[in-house]
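Presented below are the structures under discussion, each in the form of structure tokens.
Across the two complexes that follow, chain A remains constant while its partner is chain B and subsequently chain C.
Let's look at the complex of A and B:
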């Protein structure tokens, strides 16, 4: 696409990651004329530096879990609907509890989650050993979530973006947005390749959403929260599905007074064991959390801590080789919930801030954003995702 | 670094690296006649030597990044593997020549070629002068595919050192290399990424239909470069294909992002390293 475009689109989605691609797809599916704009490629940043988890197990009981479950429930149909192979697998997930105290915290959590309709069950030491025979023998117990699954994250973004294109959306890639001006009946979006006019704009730029928001005068409280991952060689089946430590919840939400019995470097880098098998017989090992600006280098100390923690839970991993490490930026909000919302600037929407859940929450985010723009009632009360929750009444 | 030795520092393998790989014959085999010496130390996904040996004496197996293992009982020192190795890392050494001499055969891709009977400068792996030597054979049949194999007779004590000869004509200053032949368009069924078994056709599809414009964008779409060697082998070919398809010069095609580790390292080795230390580079 080049030169000035005089056509006015119904919806311009800025950001072609998993979220933006989904927003473009569901809007195009409703018949809207959509343009999907990105400074780079589809899935160039966070969506290609993530894992492929589609989880409800790591959500907070209540709205968070119910919203995530609604998104998860969309994957089977989506994987049939899109031409691209999403590598969708739904084998459930297993949280490991290292100590009795952790098991007790997890049991309470399990109860709360069941009350909002999530299928979970506690497993004792024997059950987890039968389930995953290569686990370290001294792991105290576990918590299974029946419906959890995984996808190829890059494939998800491609599938949605190419699916949107098939439904008539224009993909405007490698085209940076330089300015947005709200005019009477449309937004005038200035890009490197010319002007784009659109009645509605969706800011789906994740970590970079604040820069787009600033163009229309909106402060967006999203910060990059870095995470690193190790990739193994193709190897035998270490575990049959997603396995992670319950301590992950403690590092994610930074809540509670419980402290894990871990080494200094594991504690310091917010490392929690996450194992994810991939469709190509490698596995991914995570996870770490740090506020490090936009730095996405792989740090050797973090890599060591993640390897150490992985071997703690699966000793057999010690002899398997690491072939790559990578690092990405999660779009973090202060309350760990995304912003999927309209704003005081009429016609300007935000779909960003999903922290580590952007892959799993992509379908439902795209769907509710399409409903919202079409003026339809949402499937549930979405006030926890409102933009204005971060501001006091006077500021609104 | 200075004190570091080996292929990543010097551009040629150290004696220690060669002996640690699988291709150095046992002591007693040397005297029995010509034998293949495989000085392949880098664990790259590559196996033409395995197929080139008519006696099935070279084995790589799985994974394809294993360094070649030579069954020296089966090896007759025929030299078929020498021209087949894309890395020019295979030699044939015959210490049974007598008269205090040994024969060293090596691949040699510089014109003009020497003639049988010429006296030439025999050089080490580092390209340094070792001794004068006589050319006793020049082999350049069509099946060698433009990789001639030269055999020198050298004093036996230099048999483990001599691995090439000085070029007969050095390029003029600023002359650089001439391409021997034009790059040909790869057939669609040629495997470009050997680790992930991705063909040229799939890569073209990523460029033409899925709009990939960089090596990383091809990788995200079809996995080329995602395997064990992390694109060390296919990255350049993918870049060349993007250049062919888009008409952009090679110099403008972005490569993929380099990430640690430099070579595969086990989780155990990584975790065992407690503190940040000076020898970290060796481990990762």
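Let's look at the complex of A and C:
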């Protein structure tokens, strides 16, 4: 696309990751004239540096879990609907509890989640051993979440973006937005390749959402939270599905008084064991959390800590080679909930800040954003996702 | 763990650099992922060209022995069987050594991990029996195993022609050398040996297909014009090995990981780390040399290694400026004389362009 566009779009979505692509798709599906703009390519940043988890197990009981479940429930249909193979697999997930104390915390969590309608069950030592025979023998127990699944994350973003294009959306890739000006009846979006006019703008830039928000004077409290991943060689089946330690919840939400019995480097780098098998018989090992600006280089100390933690749960991993490591940036918000909301700037919306849940929450985010722009009531009260929750009454 | 100079890759560039740096008084660690240092030198049974200062007339294998002997005399610390798995911030190299990942903090880091053979994709290219010419050379000259009985060579550059000759010497029947361009790529003296041995060159031909069920049984070649295969010109012959010698590219993953600025330089193998007149990259204290810094030859690799090491020793304060400048100039002059003639001039122009642009 080049030159000045005189047409006024109904919706301009900025950011072609899994979230922006979904927002574009669901708006286009409603018949809106959509343009999807990105400084780079589809899924270039966080979406291609993630694992493909579609989980409810790691959400907080209440709104968080119900919202995530609604998104998860959309995947079977979405994978039929899109031309792209999303590699959607729904094998459930397994949380491991290392100690009796952790098992008790998990049991309480399991009860709370069940009350929100999430299908979970506690498993004792024998059950987890039967389920995953290569587990370390002393792992105390586990927690199974029946509905959890995974997708190929790059495929998800591509499927949605190309699906949007098929429904008439314009893809404007490798086209950086340089300025946005609110005019009487439309936004004037200046880009490297010319001007784009749109009645509504959705900022779906994840980690970079604040830079777009600043163009219309909106502060957005999103920070990059770095995460690293190790990739194994192609090998035998170590575990049949998504397995992670319940301690992941503790590092994610940094809450509670329980301290895991872990080494200093595991603690220091916020490392929690996450295992995800891939379709090509490799597996991914996570996870780490750090506020490191926009740095996405790998760090050997973090890699070592992740390997150490993986070997703790599956000793057999000690003999398997790591062939790659990569790192990406999660868009973090102070309360761990995304911003899916209108703003004081009428017509300017934000769909960003999903931290490590952007893949799983992409479908529902796209859908509710399309409803919101069309002026329709959402399927549930979305006030926990409002933009203004971060500001006091006076600031609003 | 800390070392003043960490050299990754013990081929000609790395060995020459280790000797230069150690003899200037640097605390050096040389690491190599192989059982033995020397890189490709021990496969090179042929004599080198150039002037006497460049070991002309000496076989690669003997140059390798001399370099190894010198590193032993100087007591250079060498870790073998020790792959570098990554370079991290602050010039830390993670090296898998005796089953443990050691993180070595380097004041100066030299990356000279060599080059890799370019693949060529054609129907059947994944059949066992299709291999890089370098792989065949390792089999025959190091492993002393003949990769096959009837061999087709694809590519008539120095590598293709020399390896074809060595395979023939080892007892294989080389059925021909296929070259997509209208003329032979190798030095005339190598090509002449092939001609005398009666091995035919198929100029303006390319490999069209490898046929076979579980392994290569036949090769189909065809005329090649304007980047396209000319239908109807196919020739088919029984072979059990197809060697591919279509050039090398710099192995620069570690330099990429270290954040070194790269550029595309076709004359030197493509995407490569850029460097200044001291072989130093855009990341201060990280140097590149040898095929990693643009694919050339063992003789240029050794001198680039020496140049980087002299510069590193100077920067570390071990090598007085005046002497160091003199030494570096002497090496640069030698490199210039190595890059003469129709083959060297293009590379010299490319190097001048790189250094002129700066990092």
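Methods note: the second predicted complex is superposed on the first by the 396 of 396 C-alpha atoms of A that agree within 3 Å, B and C clash if a C-alpha of one lies under 4 Å from a C-alpha of the other, contacts with A are read in each partner's own complex, and residues count from 1 in each chain.
Note that contacts are C-beta pairs under 8 Å (C-beta built on N, C-alpha and C of every residue); 3 or more make two chains touch, one makes a residue touch a chain.
This one's a predicted model, so the numbers in the text were calculated from it and none came from an experiment.
Colleague: What does the overlay on chain A give for chain B and chain C, a clash or a fit?
Modeller: Partners clash after overlay.
Colleague: Let me test your reading of the model: by the given contact rule, A:304 touches which partner, first (chain B), second (chain C), both or neither?
Modeller: Both: A:304 reaches chain B and chain C.
Colleague: Counting only touches as set out at the top, which of chain B and chain C does A:174 meet: first, second, both, neither?
Modeller: In the superposition, A:174 touches chain B alone.
Colleague: Comparing chain C with chain B, which touches more residues belonging to chain A?
Modeller: Counted on chain A, the partner with more touching residues turns out to be B.
Colleague: Determine, under the contact definition given at the top, whether A:326 touches first (chain B), second (chain C), both, or neither.
Modeller: Only chain B; A:326 stays clear of chain C.
Colleague: Quick check on the superposed pair: does A:335 touch chain B, chain C, both, or neither? Answer first, second, both or neither.
Modeller: A:335 contacts neither chain B nor chain C.
Colleague: According to the stated criteria, A:318 is in contact with first (chain B), second (chain C), both, or neither; which is it?
Modeller: In the superposed model, A:318 contacts chain B only, not chain C.
Colleague: Is A:233 touching anything from chain B or chain C once the two structures are fitted on A? First, second, both or neither.
Modeller: first
Colleague: Among 133-141, 205-213, 277-285 or 313-321, which stretch of chain C shows C-alpha clashes with chain B in the combined arrangement?
Modeller: 133-141
Colleague: Does any part of chain A touch chain B in one structure and chain C in the other, and if so which residues?
Modeller: Shared contact residues on chain A: 298, 300-301, 303-304, 325.
Colleague: For the complex, give me every residue of chain A touching chain C.
Modeller: 297-301, 303-304, 325
Colleague: Where on chain C does chain A make contact in their complex?
Modeller: Residues in contact with chain A: 86, 88-89, 92, 94, 101, 103, 257, 259.
Colleague: Okay, in this complex, where on chain A does chain B touch?
Modeller: Residues of chain A touching chain B: 41, 43, 48, 154, 158, 162, 171, 173-174, 230, 232-234, 280, 285, 298, 300-301, 303-304, 307-308, 310-311, 317-326.
Colleague: Please output the residues of chain B touching chain A within their complex, sorted ascending.
Modeller: 63, 196, 210-214, 217, 220-221, 223, 226-228, 230, 259-261, 264-268, 270-271, 273, 276, 280, 284
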